[in-house]
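Naming follows writing order (A, B and C), and every chain is counted from residue 1.
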Amino acid sequence: MRNRILFTLQFLFTLLVAAFLAVPAGLSIAAGVTVNYFRGIQSGVTLQWVAQVWELYAGTILASILIAVGTLAVTLVVGVPAAYALYVRGGRLARVVEEIITLPLAIPGLAIALALLLTYGGFGSFRRSWLFILAGHVIFTMPFMVRSVMAVLATIDVKSLDEGAASVGASPWRRFVDVIVPNAAPGILAGSLMVVTLSLGEFNLTWMLHTPLTKTLPVGLADSYASMRLEVASAYTLIFFVMIIPLLVAMQWIGERGHSR
Amino acid sequence: MNMMTRHGAALKIENCGKTFADGTCALARATLDIGQSETLVLLGPSGCGKTTLLRIVAGLETPDGGGRVLFDGKDLTRQPIEKRNVGMVFQSYALFPNMSVAENIGYGLKLRGLPKAERAAQVAELVALTNLGGLEDRRIDQLSGGQRQRVALARAVAIRPSVLLLDEPLTALDAALRERLRGELNDLLRKLGITAIYVTHDQAEAMELGDRIVVMRKGAIAQIGTPREIYFTPANRFVAEFVGAANIVEAPIEGGELILPGGRVPVAGPATMSRAVAMVRPETIAIADAATTGLAGIVDGVRFAGDRQRIIVRDAASLPLAVDAPNTIKVRTGERVGLSIPPDAIRLLPDEG
Amino acid sequence: MSHKSFVWMCLLPLAAVTAAFFVLPMAHLLVTGAEGPRGLPEYLAIIADPRYRATLLNTVLLAAATTVATLIAATITGLFLQRHRFPGRAVMIAILTFPLAFPGVVIGFMIILLAGRQGTIGDVSSRLLGDKIVFAYSIYGLFLGYLYFSIPRVILTIMAAAQKLDPSLEEAARSLGASPWAVLRDVVLPALAPALVASGAIAFATAMGAFGTAFTLATNIDVLPMLIYTEFTLAGNLATSAALSVGLGVMTWLILALARTFTGNSVAAAG
């Protein structure tokens, strides 16, 4: 009996927490397709707000995708070999490097953005280009890629594989490409999903780094929250959800597959 | 291509030692010659330096300054493993989980730029040679331990290496499988006629597979010889005790005879010292009527082992003697028995104090 | 090329990127903080100046409240979800973890929808009490936003830690006559302590440094990230904003580093 009450109480509390998280998200999805949010859903369902968002903010959406893909490319090319090197080399140097590249997770994005502005704000064409935001995103997402790959490397016998491939004549580069990368694939995939998800949603850095001509989706969102009617802001948020939820589902799926193994 | 042709290089290991960065000496400077097509076994307990020596030959470790590794007279000391053309079977097998059985075996050939068709033909030949037929497309994690071992061997042999290096290749398997694969491995090594270095801590493997055995201890070579030499004429007490069962008896010598508490035993050859450390293998001692032998003792225990029995005899020597007798002899504990030992079965060892 | 030089080659691009876009700028930030009219003591202003000190205190209190509330809510739900199997559990877990990747701005919007001028809470309260409750644009709204942000993260950590808990420990305690509360207090919570410390530190550090939510809700909420932002953009006060952000960075890093030495695990803030 007592267990029953305890269970019910906990269940209700969990339900409450879930509602706290789900209700606003649901509201924003509903508001995005409602003719008039103030009058409620009975005012009719429409895609006009979504269309309006596309008209106003299509550029930010494309820009975000572009930057996310660019960030992914850089973190792959730079981060995967580095993760391998850090794992293989080990020792104090590797620990120090890992600590440094992980710092951007501990330091608020605002501080990093400020630092980038102070250092590169004077380089006009760089400052005005997408690359400026890309640089910030790369710094912010790199640790996720490196750690994700290193975590997988720790579960496979890298030394043996390396020596095994070397024994039949593979050069270090061939070993890396033929044996290390394929076997680190789960970590690379998980890291990639994380990098893209974070880059698409990054605001703290981006808000400081953007210019009127380099606006990303979250920057546009902030703009719409401040200046657009609720329905438009909601429709815009809806588009963001549609972009990001498949990534989250994929991440959760990979995580579960990794656990069940 | 025919895998059955004799191939492989003659190896020379010159003055190779290894001191690690933390100052531990894993291997004292050693010099060794390995003939073409010879199978050399490095035998010793863990930590004896056998794997370090193998890794120096492989190119996975660099020897301390002055050490050299020569393949057919060519100095390869500075070459990394991928430039040495060695085939290596790792203790963990180090198979690539991202490749199928056939891709694992053919990987070295692919690196050498062999056309696809030729590669497939050679892989097929190796698959047949190692009894892996039907498993070509399997993933590594779908194989049993014994199958993995064979894939590792096929991959190493595929590149027609100058020398085949095997690092405890059977250790990861259970006892019954180990014995069977030992036989298969032996047949294969003879068939291929390849130069091979085989590291193991298992004396049975060493005896069966080695043309010569290098017994190692604490980073140094204790003895080099054929399996028979190692077994019958161990150079020292360590080798005698590590390889096979041995009775080690310390006793005075007088007139070419060992003076034991239970009697006297003649030894062969010149025995000029006044005290000796002697080794006698249990199976060379025969149980006989106490009245007819110079040495006698009391049966202390009988351990029946099926194909034979081990009889422990006390009061014959300073320590109880182990005697391996045929399983048909009947003795009882407490019975007095005579022991006959042929003079040439007694091996006098240097006294190491 | 030897393996050793290959490994160095692999590290080189990372070293270059990190040096150019992180180490160098951060050094620049450090120097800039001391280049204001006050010089090096600018770094002390965060504590010495009464206005900044009040903001700092505000931020720390808000972050602490967020952390405590999150840990309580997440521990209850995390343990519950880990221990019971019921229909709809998977959906519930999905709902509770998806907001993990919502950026601060979006969470700010969620809070506006919940407690803003057209929000649900105001709607319900005006119908029930005749009084429209609106608190999204105050520090309470921000508190709710940080709660929204932190709960998913902490739930995940706690569920993972609870999964590793050895059930025989609890059974042993019960066999000795421990009540459910005693089991929770003496066995479960101590076993979860490292996870609680680690995720609590992340929640705290994130709440200290988060900017997006505060930015969306209002520009006049008195927390450190907003102060830095206004000092930089409105007042154009480079040195102060640099010094303040260095101070903020050092604090969040310190919290995470402390948590890490306590738990022996790697801990990092996000978002």
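We take it that a contact is a pair of C-beta atoms (placed from the backbone, for glycine too) under 8 Å apart; a residue touches a chain by one contact, two chains touch by 3 or more.
Predicted model, so just to flag it, every value in this text is computed and none were measured.
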Nearest to the mean of all protein Cα atoms is the Cα centre of chain A
Highest contact count belongs to the pair A-C
With centres defined as the mean of Cα atoms, the chain at greatest distance from chain C is chain B
Distance in whole angstrom between the CA centres of chain B and chain C is 61
Rounded to the nearest Å, the gap between Cα centres of chain A and chain B is 56
Distance in whole angstrom between the CA centres of chain A and chain C is 17
Shared-interface residues of chain A (touching two or more other chains) are 166, 171
Where chain B touches two or more other chains simultaneously, the residues are 80
Each of the following residues of chain C touches two or more other chains, namely 2-3
In the complex, the residues of chain C that touch chain A are 1-3, 6-11, 13-15, 17-18, 21-26, 28-29, 32, 73, 76-77, 79-81, 84, 86, 92, 94-106, 108-114, 118, 120, 147-148, 151-152, 180, 205, 208-212, 215-216, 225, 228-229, 232, 238, 241-242, 245-246, 248-249, 252-253, 256-257, 266, 268-271
The chain B residues in contact with chain A across the complex are 58, 60, 80-83, 85-88, 90, 92-98, 107-108, 111-112, 155-156, 158-159, 165
In their shared complex, chain C is touched by residues of chain A numbered 6-7, 10-11, 13-15, 17-18, 20-25, 27-28, 31, 37-38, 74, 77-79, 81-82, 84-86, 88-89, 97, 100-112, 114-116, 118-120, 135-136, 138-139, 142-143, 146-147, 162, 166, 171-173, 176, 197-198, 201-204, 207-208, 218, 221-222, 225-226, 230, 233-234, 237, 240, 244-245, 247-248, 252
In the complex, chain A touches chain B at residues 156-157, 160-161, 163-171, 174, 178-179, 182-183, 185
